[in-house]
């Protein structure tokens, strides 16, 4: 496996998307990590006296209506986005992939049932369901994670099932079957490693979508709650001040767009490398 | 189809049963007294057992009676119809605009595969996918409403204010919905066209002496439309309900806002009805997409699809 | 001057490993109304040669040499001029009738399209001509109306439609690239006869591309044997078949079944030539076939043989031809 | 470029048409922005202030009416007499008053309206107003006698509330969607989620309104509200939703900006029975830790008057107690130590949707953190707030504006969400009820204010300001809001 990793990495260096996306993505993760140790200012430091300060050596991007340092808030917001998107993917993949594997292994009515429920979840307007979930559980980061995570489940289930079905047809599975291995073992030992690259690519896409979803929910006031900053919430607050301090609406949006762009490019690059068959269609 | 909807009614009903908050106390506020509240609950039929309420509701739906809104005290159907005249035009305008932008761009990008115009178009498309539509909406507001003051920053003039004022208030929302969607659609179109122009029949056409452009537009495009129409169907379903955020940015009295407001005001009957209607709309859109498949691809006609 | 003269045609394609020459210095010519076969294993450059003649090489392909139609070098024509030749003076039938027709268009519109482009026919005239064409390829109008879609037809019927498309403008040369490979055995014979009949009746030249010697024998007068992008043997079909000189040609014959179940088994047995066609980026110095050749010597691995006359018009590129040729 | 030009030409010409038509005569129609859409339009069947903001005094009238100074004025009752024992009120109704549907308004309607509000199955949100009423009787076609079962000083004021307006039996049930009252304006149409239109009632019994049409545009979004004002889509906002925008309007000569006062005491409501808030020292420590001016500056952009108790500063009985707890962190820490929380403690603050609560909550959390009190912020919707905080008193802290006039009495209630439960204060309020003389009453009120302040029952923050902004040519709008209403009866355009 380390060889494979090296291979991927080396090939990656030849892909423009992979390099640009990878750079942005790692910068984003580094910034998120950095916020645990250091931010220029404390984000809970409300100091009305310096509200709407212009960018300066002290406040790199200026301050908001509470006199908080915008740069620091963006940095902590990055962490927030990472956590929400990451856990949501964990939920989606953690439940979705096993479901997909079971559906592919069992076929028959189990498959039918799992896929029906899947379709049903898809048919529901996701945003409305997310709003209802947060209305029941109350707004907050954890509940927005749950809401986003739930909608990741069918995505991963579908993709896991689809790719697993193809693998089940392959000859080495027949060999494994005749060696007396059960469905669970085959799924774990043979199917999963073979669909892993597709799942990883999907995960980067879902990561980007998760960040967008978190921003949307926070924008509606259903996601991350104060004092924890979130990019979506910053945009919401900026909106009421748009005539007074339009600059407040620029930075968080840029942060979202850059991050999502980076993740998407990274995912595209990764797909090119891991799955050359798909390259043609790009 | 019917079963999906039936399951949907059960799920929605159960979900709303556990939604905390009492419509009656929301309506009567802080000073309301207990007997007043129970009187109002009785008036709204909330004192009946859940099963009775469920069947009343479903039977009502079947007979086209959506019930009476708790907060507005008017038939829910009336409320929905008023809002649909905002949301539907918005959704249609957005899908039309995004299609008009995306398909030519996608085809151009595909025909100039890996050339600079392809790279530029795909670069913009990446950007369009990455930009959250509500931020884009805010940027448009800053430019066109705050700086230039050409267009209203929000609100809906109403169709009775005249066609153009109404259309003007839908302009920025349409653009902010359409551009990010067109980014996705352009990408899908491009890869679908790239896929199709590898096909043998494109070579056959070219061997006839058909020009590259004509092969692209007359032979490839229609074949490439299947994935494009699939995505358009998904986008349209999203647009019907998913405009909540954009309706919030521009303060448009549409379906998305109605449902958002109904949830926070615990106007449960409106929530229930809307969720079912939206699910039905998604099913109908899927059906339309299936019909379109058959229109596009004769192989799918009369094969008992849909 | 021959109708078609191909001179030192080389075609290179870009790959991740750089430009690769897939066809090297191929030359041949044919007269008006003549019937030429190109034979070889898959991947030997037959189809690419045909595409070069049609001007339909992939975008980044580079072709050198000359393809002269009535003295005019097609490789030097711009796209617009080339378009007026394609489907008009040179037409082509492709291998896969199942995928070579546009599934969303009616057969009528697909046939009449070329008529409109090249002959400038209006809608009615084009329709009438289309009906005649369909009839001439054995699809009578009463059972095969113009508004049928390809999926409503069988493979053989679709190949007939493709033939109708190709011959619609009565081209000087019809290239048929493995026209029967994908068809049922029972249909193959009929389609070949149809191609023979149509070309003979109208005096069209035919270039038949196949890996199947039986097909070549049945339809052609002259033959060109290709291996790994090179022409290795050429001559009249009769000469080549009776006095095969190149060990590769011999191998192809050895692999040919007696009669009947030609297609599938032929392919199977073809693999009995030991080894495989070397990939383009791994072609050895010297003779490309040397690695698989039972007559190969040290010389073959060093020097590249060139096509030279063996006997009259029968040419071979081999240091150790199997025969001295047929004394005339 | 071409497109830009075209749009400009189009907009300019549209502007010219607009200007020329308005220049001819003074406008007689007014478009007013309101933040909240009313759930329905029957003030006798809902608590929402948004109902009164549209129909009070405009569509519906009561026996009495509250004027913009908070004084009781005669309305449908042209006069009244009060018996010596202060238990019997005789109201003489105006004659010739007609409902908008053409039916007569007479004593029967008054009897019906009051009985309906008091009745068993009534859905009146302010049933408490009618509690003192023992009976309502018609003694003549235009005379009604109301008998009380206890002396009630504010009874005439109560009858001026929107919840006590007079409705007709025939139309009462449909008032929610088609309100029929006696006021100077008639309901015309309601485009849900968009706007509500009233037109002048030409058969009005009193002085006819000067406006022929009034449109209430519903614009909850502050940013949209700013644009609507700027674009002239809306002529007036009685209470602009975004204090942060007032500077901008002030600097624009087209607008008149009028900062008035409201009855809204904005407080950090505290659950007085829940530990550690049951300890008066903890509450006092919090009072010292709060910096009111910073809260007003940060949450309200400087608009609002600090208060030191639960009492409106513009009321004559007001006592300035804002100095009782000067912002003093050392004092706060010391009190916390004394209370046994040297390192502070953790608590939850539940915040309803208004921006004063959401923004104020963030600032208060940051201020209290400085003395070690860590607040977890939990935003709630109104529905949840009512259920969890207000009814179940399942909360530590919350921020809310109490907008009813003269509502200090809520601290004496047995069951109220502060869980204050002070027999001393209850006795004081009882005494107030039985006191008639103004000076004596004011003395008692002053004592009550001090008591609440001393015990730091809640964190008293500020009196909500009324951010009025309207076209400078519009006259006659209320500067203050003693009741939540937009009385348009006297509104006119100067050109």
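Order of writing sets the chain letters: A, B, C and D. Residues in each chain are counted from 1.
Keep this in mind: a residue touches a chain if its C-beta (ideal position, glycine included) is under 8 Å from a C-beta of that chain, and two chains touch if they have at least 3 such contacts.
None of these values were measured; they are calculated from a predicted model.
Asks: What chains do chain B and chain D have as common neighbours?
Replies: A
Asks: With centres defined from CA atoms, tell me which chain sits nearest the overall protein centre.
Replies: B
Asks: Does A-B or A-D have the larger number of C-beta pairs in contact?
Replies: If we tally the C-beta pairs in contact for A-B and A-D, the bigger total goes to A-B.
Asks: Greatest Cα-centroid separation from chain B: which chain?
Replies: Ranked by distance of C-alpha centres from chain B, the top chain is C.
Asks: For chain A versus chain C, what separation do you get between their C-alpha means, in angstrom?
Replies: 53
Asks: If you average the Cα atoms of chain A and of chain B to get two centres, how far apart are those centres in Å?
Replies: 23
Asks: Quick check: how many Å separate the C-alpha centres of chain C and chain D?
Replies: 90
Asks: When the centre of a chain is set as the mean of its C-alpha atoms, what distance in Å lies between chain A and chain D?
Replies: 45
Asks: Can you list the residues of chain A that touch 2 or more other chains?
Replies: Chain A, residues with two or more chain partners: 135, 239, 242-243.
Asks: When you check chain B against every other chain, which residues touch at least two of them?
Replies: 20, 141, 146, 153, 248, 264
Asks: What is the complete set of touching chain pairs?
Replies: Every touching chain pair, ordered by label, is A-B, A-D, B-C, B-D.
Asks: Which residues of chain B touch chain D in their complex?
Replies: For this pair, the touching residues of chain B are 20-23, 25-33, 35-36, 39-40, 42-43, 71-74, 78-79, 82-83, 86, 141, 145-146, 149-150, 152-156, 158, 160, 248, 250-251, 253-254, 257-258, 264-266.
Asks: Please output the residues of chain D touching chain B within their complex, sorted ascending.
Replies: 7-8, 11, 39-40, 46-48, 120-128, 176-177, 191-195, 217-221, 223-224, 226-228, 230-231, 233, 353, 381-384, 386-388, 390-391, 404
Asks: Which of the residues in chain B end up touching chain A in this complex?
Replies: The contact residues of chain B facing chain A are 4, 7-8, 15-16, 18-20, 126-127, 129-132, 134-135, 138-139, 141-142, 146, 153, 191, 194-195, 198, 237-238, 240-242, 244-245, 248-249, 256, 259-260, 263-264, 271, 274-275, 278-279, 282-283, 286.
Asks: If you look only at chain A, which of its residues touch chain D in the complex?
Replies: The touching residues are 44-46, 48, 51, 65-67, 135, 138-140, 221, 225-227, 239-244.
Asks: If we count contacts the way the header does, which residues on chain C are in touch with chain B in the complex?
Replies: These residues of chain C touch chain B: 54, 56, 79, 83-88, 91-92, 94, 96, 99-105, 110, 113-114, 117-118, 149, 151, 162, 165-166, 168.
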